[in-house]
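Working notes, structure below.
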């Protein structure tokens, strides 16, 4: 029924390859099927003015898409002179999701910037970005810990994200582009390794949805996040 | 327990005053307690290029906040030279929420722009905006119908929005600014008059939340939306 | 003869309602007929860099127009990414006009920003803005005086503004939109409560004007300003 | 009494050199003392969209200042990414002043752009710009007439501009930079060759001014404009 | 003597991997040592307005650098709101270099955009970009030829680029970052497969250079380009 | 053979007039035939942040073109809101060229900005700008020396620039606009008074060029630079 032949509760093949950017304090290339995102974590010990002297750090994110990550070429935001509303929405979401599992006081006076650049887009770029950015973040924190730059335990939990949707009347997990375009309802779930919600964003693209449908999506999301958490753990212990 | 003395499931006083902008095809001033938003609907029959010749119309929204709607003066976006990410996120949400109840084909080749300008901000400006914009939209559609500019029934349902959150451990309805700042979890629900979901956005500001907490928020939201729908109906039949 | 039926030397109905913005140090809603402007005064004690350490304060203004203040929707300046030349001209004029009656040294190291946002535009938005901004400014200065933030008498005089023009060959006072569009000559007068000139801007929109015509406009302006001064006084002592 | 030793009613030495830009349809270098402005007129027969098909033309102006026209270097507007409010105000004034003496219908479907670029600034750059731009405009219209591009008499009158002010208590004509900085009142007069007003802009920089002072300034302006008109005529018949 | 231990006339290891972007009409990942650039070619048959109806096509390029391609994080140009002068210079060079070997008339009415995005920067990003962009361009032209979209032979020759410089007094080929920072003279050569010059840019970073030094650099460049041409051919026949 | 009737190795008439901007520390009007550029040097002793405390100064350049320097009017960059890639390329080149002959340590903590504004453009604006900017720079350094603001000998050599090209198969010196448009190869040479290269930029506009052609261009450039150096010396000793 799904264009890819997957069962409703199947994720796409997910891979996480660490240390792909020589110069970054943490990095990985994350793939959710054909969607591929390069995530780097950059540690800066000089904070932006508004954060200085508060005895805590900050975690932020930026998101970009290479012009030809998409089926037809998308205009480069640097040429257009500004980021689209969609880009800003996504990078704000990534930043919030990561901060939800970080103890900013224990981070000390440092800022970690996660750059998520989409090399290939086939649906789920924001969920892949969050999932990969977490891995890059962990490496950056380990880098800081080796240099005794943190003040205590920085990470409270793991975090990952997955999309679900109602596609042709059925709740399905991890939508690819073909499904995304057509789905009646599209929802993104950001959840911790321990299974709690960090962020839920559900949108009726066609008909409004009801509570039963939302329940079905939540069940799928729980399954997906649990698989992603295992993959993150495996990558990080490799 | 709440700073305002409200019970957890109490909305603030909500008022909707129609026809406040002489020149707009639809308008209202909506207040959720001290939060006041001026909503106008503007009908344009010359469509933007990308929509022309598709036999359908469009509904879009823009959001702004007067510089001194807030406790300390906020920089004017026109001076800064761009809209913030937050502004773009909100105006995209308002537009999506309204389109969810509009039959764009029946609207015909016209564009309706909803401008939501916050005169006073005390929490819940996006939910008040959606609730008020719907009323202005109905008046604009009536205006079009009187001039036989539509092709059929345009509205499929009503739409309203309300926020809920976990404040000091308790699920509460319709957060004001003081609650919003402190809430552990903050969620916005956009729902139809018939009680279905158009959009859910839940965010853990502090600790991640679990499914029980989400259930409690959904219950409150249902109650709030049902009250808002009645107020919209009353305003529109006045 | 005038579209509104007014006599040549009649002002429109002018009202000034104070304290309309809960959070601002001073505010009013001023109406010149159907033209309505929300004026707020914001006191900031942290000065911009170029003013610091000079032992004086500053008064500045910003002007905006809600998109549907006008007959057809005007593009939002925040979306366009910049203020128009007209907007900048008007806000510079408002700032200059207010500073003309302020003793900046006695103001102390503080900046007062007057935001004039047009809710409805029917001609004379800049003159209504100046007239209302003065009232908001007085309230802000009173607020500062109560907190002993000033160094002496801040206000030297009152200030108000009115437009005049040659409409169908006759000099008329306080042009509304219909007159403004058609007037051969259009002049704005900013004058003190004591009847002196702060700013004169006269423009021949059609045929150039001569000294007699200018005299006639000045006479009308004197009458209008004197009425506006009384209304400001009444509002401020209410 | 004046820093330059001039009598109160003395203009600075004014020169107008025509045909200084090989490629422009009209051009001149105008000097008011040390203030020097290069004015070019460019004829374009392809109109901007909003003017097409209206059976009339348009005259517009742009103003710029070379970075080192001033005592200390001024930031280049092209680097800053936008024109200042002052620049926009001036170029709008130049455009309006020229259009006041042009019959746009007789101009035909053409646009003439006057570029006024200040090579050296010593006070009065906007009045020199208007005075010189008129000369460049006349040459451009002659160029069009030779090619039979106009539909009838385009110019209704000549136009020139001069500043006056109250300097140390005395009304003086044609302020230079040292006077401008210190003047209590500063006024710009744009007048036709036949002595009528096109635009008056008077501003109290210090104390507000009264009607007698304004009369004195108008008298001086009349004298100055009459001299400038003679110089324009002489230049144009050379 | 060189930090990498290479002999003066040694290139770094160069690899070209084709078809790395699923959706682009042509693509490759080119590496010059640690410098890695993702090059994609996008074919658009709807031309920009200024090119339409001229019976020819266009080839253009855009260049970008991921924020953490560099040792410390570089600000994202999309966030800064504009491309730096360096970026513009490089993308103009890439476009010119490719057009030098393309018959635009035979290309037909199509535009090919080459996006060169630097994943890792270690010196020579512009020369790697040109070398890789040529390969992506060839694939895009083959894609067009298969669809009979071209009008004749499009490519006149191959093109590649390499840098040379005077490093510690010796002429060396293909500078890496450490050499680039310190080189007295830095030159980029863009040459055709047949050994002719398309572009030479030589800059004295320290002392000016003389003709003998330039000769030495040209000799090295010829060697490097000849090796790059072989690698391009091999990649394209793989 | 050349449109101007010049022999292949003839420069256009070159003139350099010093002290044309009253307020600048150095200035000249340089003409290469009909190309005329106003060059000013501005000395600032307050350095930009990134240069402070490094015990050295900086020399930078900005380039602009009056809108009607060209055959048809060019859009003003201040109106467009940004400098074109071409402008940025040129001003970076001018700055690099001048810094190549300046001892920045001996300059002391000062910044000299060279503004090159093209009054009339007929080919070779960048080479005229460099040649003239050097003269303005020398005057600014002399101004500093008179005030004992430098720390030692600032200038190491003179610098000038000239273009050469292959026009209808022949190597020619100092291309004017008509030649520039049609040239197969276009090269700019920046050289010191002592005949060494500071910058070479050669571009094949049509067919790629070979080493013999490059040799011919270098020979012409040497001749041109030597003439320009003499003219600079003469101007500076006048």
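Residue numbering begins at 1 within each chain, and the chains themselves are lettered A, B, C, D, E and F in the order written.
The criterion applied here is as follows: a residue touches a chain if its C-beta (ideal position, glycine included) is under 8 Å from a C-beta of that chain, and two chains touch if they have at least 3 such contacts.
Note that this is a predicted model, so its numbers are computed, not measured.
Hopping across touching chains, the smallest step count from chain A to chain D is 3. When the contact pairs of A-E are set against those of D-F, E-F or C-D, over half line up by residue number only for D-F.
Rotating chain C by 120 degrees superposes its CA atoms on those of chain F, with the angle stated to the nearest 5. In the contact between chain A and chain E, the residue numbers used by both copies make up over half of all numbers at that interface. The centroid of the Cα atoms in chain B and the matching centroid in chain E are 51 Å apart.
With centres defined as mean CA coordinates, chain C is found 33 Å away from chain B. Annotation for chain D: residues touching 2 or more other chains are 81-82. By the touch criterion the chains form one closed ring, and its order from chain B via chain C is B, C, D, F, E, A. On chain F, the positions that touch chain D within their shared complex are 21-24, 27, 34, 38, 40, 42, 44, 62, 64, 66-73, 76-83, 87, 113, 115, 117, 119-120. Taken together, the chain E residues at the contact with chain F in this complex read 82, 85, 88-89, 91-92, 96, 100, 157, 187, 191-192, 194-204, 207-211, 214, 218.
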